[in-house]
Amino acid sequence: MKFIVAIIQPFKLDAVREGLSELGVEGLTASEVRGFGRQKGHREVYRGSEYTINYVPKVKIEIAVGDDIAERVVETVQNVAQTGKIGDGKIFVFELSEAIRIRTGETGEGAL
Amino acid sequence: MDGANTAWILTSTALVLFMTLPGLALFYGGLVRSTNVLSVLMHCFAIACMASIIWLVAGYSIAFAEGTPWLGGLQKAFLMGVGKDSLAGDLPEAVFFMFQMTFAIITPALIVGAYPERIKFGAVMLFSGLWILIVYAPVTHWIWGGGWLGGMGVLDFAGGLVVHLTAGVSALVIVVVLGSRRGFPTELRPPHNPGMTMIGASMLWVGWFGFNAGSALAANGDAGMAMAVTHISAATGSLVWLCIEWVKFGKPSLVGVVTGMVAGLATITPASGFVGPMGALIIGLAGGLVCYYAVGLIKHKLKIDDSLDVFAVHGVGGAIGTLLVAFLVDTSFGGGGLAEGMTMGSQFGVQLTGLIAVLVWSLVASFILVKIVQALVGLRVSDDEELEGLDVTSHGETGYNL
Amino acid sequence: MDGANTAWILTSTALVLFMTLPGLALFYGGLVRSTNVLSVLMHCFAIACMASIIWLVAGYSIAFAEGTPWLGGLQKAFLMGVGKDSLAGDLPEAVFFMFQMTFAIITPALIVGAYPERIKFGAVMLFSGLWILIVYAPVTHWIWGGGWLGGMGVLDFAGGLVVHLTAGVSALVIVVVLGSRRGFPTELRPPHNPGMTMIGASMLWVGWFGFNAGSALAANGDAGMAMAVTHISAATGSLVWLCIEWVKFGKPSLVGVVTGMVAGLATITPASGFVGPMGALIIGLAGGLVCYYAVGLIKHKLKIDDSLDVFAVHGVGGAIGTLLVAFLVDTSFGGGGLAEGMTMGSQFGVQLTGLIAVLVWSLVASFILVKIVQALVGLRVSDDEELEGLDVTSHGETGYNL
Amino acid sequence: MDGANTAWILTSTALVLFMTLPGLALFYGGLVRSTNVLSVLMHCFAIACMASIIWLVAGYSIAFAEGTPWLGGLQKAFLMGVGKDSLAGDLPEAVFFMFQMTFAIITPALIVGAYPERIKFGAVMLFSGLWILIVYAPVTHWIWGGGWLGGMGVLDFAGGLVVHLTAGVSALVIVVVLGSRRGFPTELRPPHNPGMTMIGASMLWVGWFGFNAGSALAANGDAGMAMAVTHISAATGSLVWLCIEWVKFGKPSLVGVVTGMVAGLATITPASGFVGPMGALIIGLAGGLVCYYAVGLIKHKLKIDDSLDVFAVHGVGGAIGTLLVAFLVDTSFGGGGLAEGMTMGSQFGVQLTGLIAVLVWSLVASFILVKIVQALVGLRVSDDEELEGLDVTSHGETGYNL
Amino acid sequence: MKFIVAIIQPFKLDAVREGLSELGVEGLTASEVRGFGRQKGHREVYRGSEYTINYVPKVKIEIAVGDDIAERVVETVQNVAQTGKIGDGKIFVFELSEAIRIRTGETGEGAL
Amino acid sequence: MKFIVAIIQPFKLDAVREGLSELGVEGLTASEVRGFGRQKGHREVYRGSEYTINYVPKVKIEIAVGDDIAERVVETVQNVAQTGKIGDGKIFVFELSEAIRIRTGETGEGAL
């Protein structure tokens, strides 16, 4: 099994989810993160004092998938999340040793 | 007793209390880090409670009972001898006492903006309590209570000197002794909740109608005109700040525009019963402009961490308004007219005397008070406490559990 | 008709409505979990709307129309016969009707604090509606509407019995039948937004000026003194709570100090038109102290999940104030003086009679009402709904989408 | 000069300012995405400031100075000739000026609800400024300032046409030119903070007492009855909305119930000085019901993104109230009675004429203004700015740093 | 060493923590995430407009443990976090190459 | 490639970021987490009721890096984030199978 972590633009979350669901991936976990990278944050000025917000809000999605479809999942995320502008984000792929569904105790790909 | 005037001053009392609770508290609370928001609200609230009791016990008497030109006597301590039928002018004295109490509440609460995020709660309480007795009540007596400055003819309709200058100067003094926030001026966090600040500012604006128009102590044309000029100056100050930011940064900010509003309001306060609409436009303009640059001067040039700009807005605003009124009171500017025998020049001299006297007294007395407080309970929390935020470390609470 | 008095009572009406919307709603809303905040605001808002209509339809008439010592007649239902020129005393009757309506709004809304986070919305509406007709309106008639307790000489200036005791006792009754929140008392979440609670508390304080000083039904020295003692008791109650927490935990909390304020205010309410500043200090002291320990008693000793301490603060506060006024009304305490022919002792007897009567009626009637509501629509949401929070499950909304 | 009336109108002025700052701002602010909350608050605040200055400079004079049936003259520009002793009726003219100013503030601020989350700040300012001069002040003159509609006998007590219809229609016009928010109607975010909306709504309710009961310009039975019917209609409108949602979705929502409140209030506004309690119940019912379905019609059927439903609630509510008053003013409905020589039918004709005139003028003038603004500064921010939110992109600020 | 990631129902966090602490696991890191899966979100209606909230709030816990107790940790989480209803969540197990305690610089299992 | 996860004190984030940027690491992803460990939370008292907040706010940073500098990244984080007090946090190192830059589709170390 593979564990795919993608850092994407927040407004792409829905599209990615739909793209994946077409591939048959029904579950994923998302969370809000702050991204630091080439895309820079912005400046705010309050009463003449400047504050640099040096991060950009991003969404991190985590998807556990079987080895068979891992590649297509990566492709899909890459295609759907792409806008072509700096800050589109990254995809990281890990080996997943084991997965368990808490409700049933199923393990392996059946747990996903 | 005049029922109509009483009705309006009862209302004004509610409005001015509302300025502090929750108005000012929110105005300040939104500007600090999220881990200090409750401590700021607490400062304002606890000061309000303590000031009320001190006002009852002695403050009111020192300020308004007959006495010397310097201090009132203690014959009205605990409102002794004041019953339902006692009058102050054509108002029940209980109403006048309450209306003035709300001023004694907000003035020390204004100072809260100087020292948030790093001061000990005990120091806040001790300093504020002493300050009301040593600075606020005497200065009030000098100007409004039959004291020497009032006798000289100083014009201070609703507290440019009594409220804003005393608070502004003392704020500066306390900051100089207390020191800056960790990370000042480069590594601070932006205001955690500008919307909260705007809510507070709006309440201040509305409440200021009670503050200034209430200071007419009557429901009449004086009150009406005071309300009108107050409003015009607030609007003008806001727009000035908005325009400066729009030109300078391309992005006029909410925090900026409401700061301009407070500048406009603080500046009109001493003048509100004396000037006309023209004067109000000029005062709003001056207040917005000068306070904007004063903030930069104090914070960025002098590197004094008067954290929420109490001196630059209230102190400077109150001072400008106090001086400008010498001219704008004249009928040529649409004002109510100079007192008999006064010229603009002589009135300016009187205003300047009042300003210097109040400034010096606030400065000296506050410095001594701060030193006493420092010696007795200490001023500053530890670095770790500052880092974690005062909400948890001083009050055992968390602002947002969302 | 007296214009000045009318002006003040129009204002007071706005102030007392403001106490509930949004004052009390925010006070309570900040104390619950973030997933129940909207449901608490909704309880207060929907009760306010419903109470207004019920007051128009029958409540006002039951309370204030002529009738028996037990109940008013229905001749004023729908304000029949009341026009612009009708008077109640020297006020337009429409103004008196409105002022009293705001009391009929806030009283059932006070009870909301007893049952948040687990009650069905339908149960809230049904119980509150019936309660106004069966408990609130009759008790109001007994004391203020020409009924038997008023006739006996019970002193209840602004609603120690009518408002605070009825609400407090009924809160307790409903909780006993409804049961505790899941996880009570060990696994609860801390207040999700103490700042919101402070905003609400501040609005309550300001609004209470309308509540108590408005109850003079005139803009005069009575109103002025009522405002003064109200304020003093609030400040004293706050400081008492603050000191207790400072000594016990080393960390005086914002939630604590505002709770002390409500205790001080609830306690002065019945006494506010009768006592002087000295009496107010004593009442604030007693209110703060006793309510503090009452909270511990109910919640931690008796393990009754009166979630936001309605009984311990309002019920107990209202009761103490009602009893203390028998002494503090005396001129020896600076009060307005006992009624002719009354001694402290006899007045105390009258007060105690009133207290017991109102307590028993609130208890019995509320118990029956709760049982009826339970039978008709059920009281409690499912465990899953409680877990997820009432905002989503009862109202289909989320409090914070930040 | 009447002191009591002055006291009440000073108070009402504070109440109506409070409706906009912060009431309306919060009401709207809670309904948008969290990345646009400050921009909405800023719109309301900056409009309030600018409207105040415009009102002083020319608006008041156009509306209320003597002139033609179409426009007032400019003789009162800058309040020329208006001093502390000038009267308007039995009020100081400064008070009347201020009271009316608060109406000139809230009316353009109502329109803010139409265009949030996508409009340029410059466009907001330019449009609003021109709109006050071209739409608001003239229509005010027609109806309240001695103009042709007032002369015909149009009944509009507190601004069904002057305030709500003008704002509602112009909102619709601006949206049609500006276009919908990205993602409308399927991919929008839910209101980011319904609690904030409820706070604002509560302030609107309380402030509306100043709006409607203040429009009596006196502290008397007229004001009292206006307050009562205002309140009854608000409560009824809320309950209607609550019931519809309860039946339709099983989950009555807080946002729904407060929307019903605004509908009830907007609808009673033109009628508030003329109808009795019965009329208020009918108006509240009609307002709640019709506005509920109007929201659906505009948003879901016509797919017009009047984002916060300004037209469906204010425009429609104001219109219904204006028409209904023709009947409900009659004594048979408990109203104050038709003017001499009027029948329900003839009054209805007059009301309809007024409605059509105001509607057409608002529509045509607003359309031209929007086009001018579009040509001069552009209306809409870029897609990227819309996506990121106006707080950061237009104002350089962030709403919540928790 | 193993690195165990569990997505659980938010109200199970305390119980899981206690269960693990009985096993001798003293540290873990938790965060709030949005879960998409078989358990669906809910619908909200504001002024007649429907909004589908298609995620469910979940808590993610991350636990680094020695190989010896990894299995018992997984078992414990699975037992304690289970309610038997859809949406109970997943457990994912990863190989952990290295762990360092920042305070002391200790590495390996001693760092946990 | 390595994937480095560090749990640190929130107020150390800026310093760590600067330290890493000196090493040439330009991107990272941060998020807010709740830490449970030796460092304990605090107690809050509301109206006499005690609430134990048994977690401590921490920041989690995630950094994907090439094998060559991984060691220096770990060292830098450890040095910069260290205060010497309990609660300084942990660093965890994982093998990263693949990395993709969404904008360009680049893979491997070039994607970082």
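Chains: A, B, C, D, E and F, in written order; residue numbering restarts at 1 for each.
The rule is short, and it goes like this: a contact is a pair of C-beta atoms (placed from the backbone, for glycine too) under 8 Å apart; a residue touches a chain by one contact, two chains touch by 3 or more.
What you see is a predicted model; the values in this text were computed from it and never measured.
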{"item": "Mutual neighbours - chains that touch subunit C and subunit D alike", "value": "B, E"}
{"item": "Classification of the subunit A:subunit E interface as same or different, half of numbers criterion", "value": "different"}
{"item": "Pair joined by more contacting C-beta pairs (C-F or B-F)", "value": "C-F"}
{"item": "Euclidean distance of C-alpha centroids - subunit B vs subunit C, Å", "value": "33"}
{"item": "Whole-Å gap between the CA centroids of subunit D and subunit E", "value": "51"}
{"item": "Cα-centroid distance, subunit A relative to subunit D, in whole angstrom", "value": "45"}
{"item": "Numbers and ranges of subunit B residues touching at least 2 other chains", "value": "2-4, 7-8, 11, 189-191, 194, 219, 249, 251, 253, 255, 396-400, 402"}
{"item": "Two or more partner chains touched - positions in subunit A", "value": "31, 44-46, 53, 94-95"}
{"item": "Interchain contacts (touch definition) - all pairs", "value": "A-B, A-D, A-E, A-F, B-C, B-D, B-F, C-D, C-E, C-F, D-E, E-F"}
{"item": "Touch list for subunit E against partner subunit D, complex", "value": "44-49, 51, 53"}
{"item": "Residue ranges of subunit F touching subunit B (in the complex, touch as defined)", "value": "11, 14, 42-46, 53"}
{"item": "Residues on subunit C engaged by subunit E in the complex (per definition of touch)", "value": "187, 387, 392, 396-398"}
{"item": "Subunit D to subunit B touching residues, read off their complex", "value": "1-4, 6-8, 10-11, 13-14, 17-18, 21-22, 25-26, 29, 37-38, 41-42, 45-46, 48-50, 52-53, 56, 78-79, 83-86, 91-95, 97-98, 101, 121, 196, 219, 394-402"}
{"item": "Residue ranges of subunit A in contact with subunit E within the complex", "value": "3, 17, 26-31, 64, 94-103, 105, 111-112"}
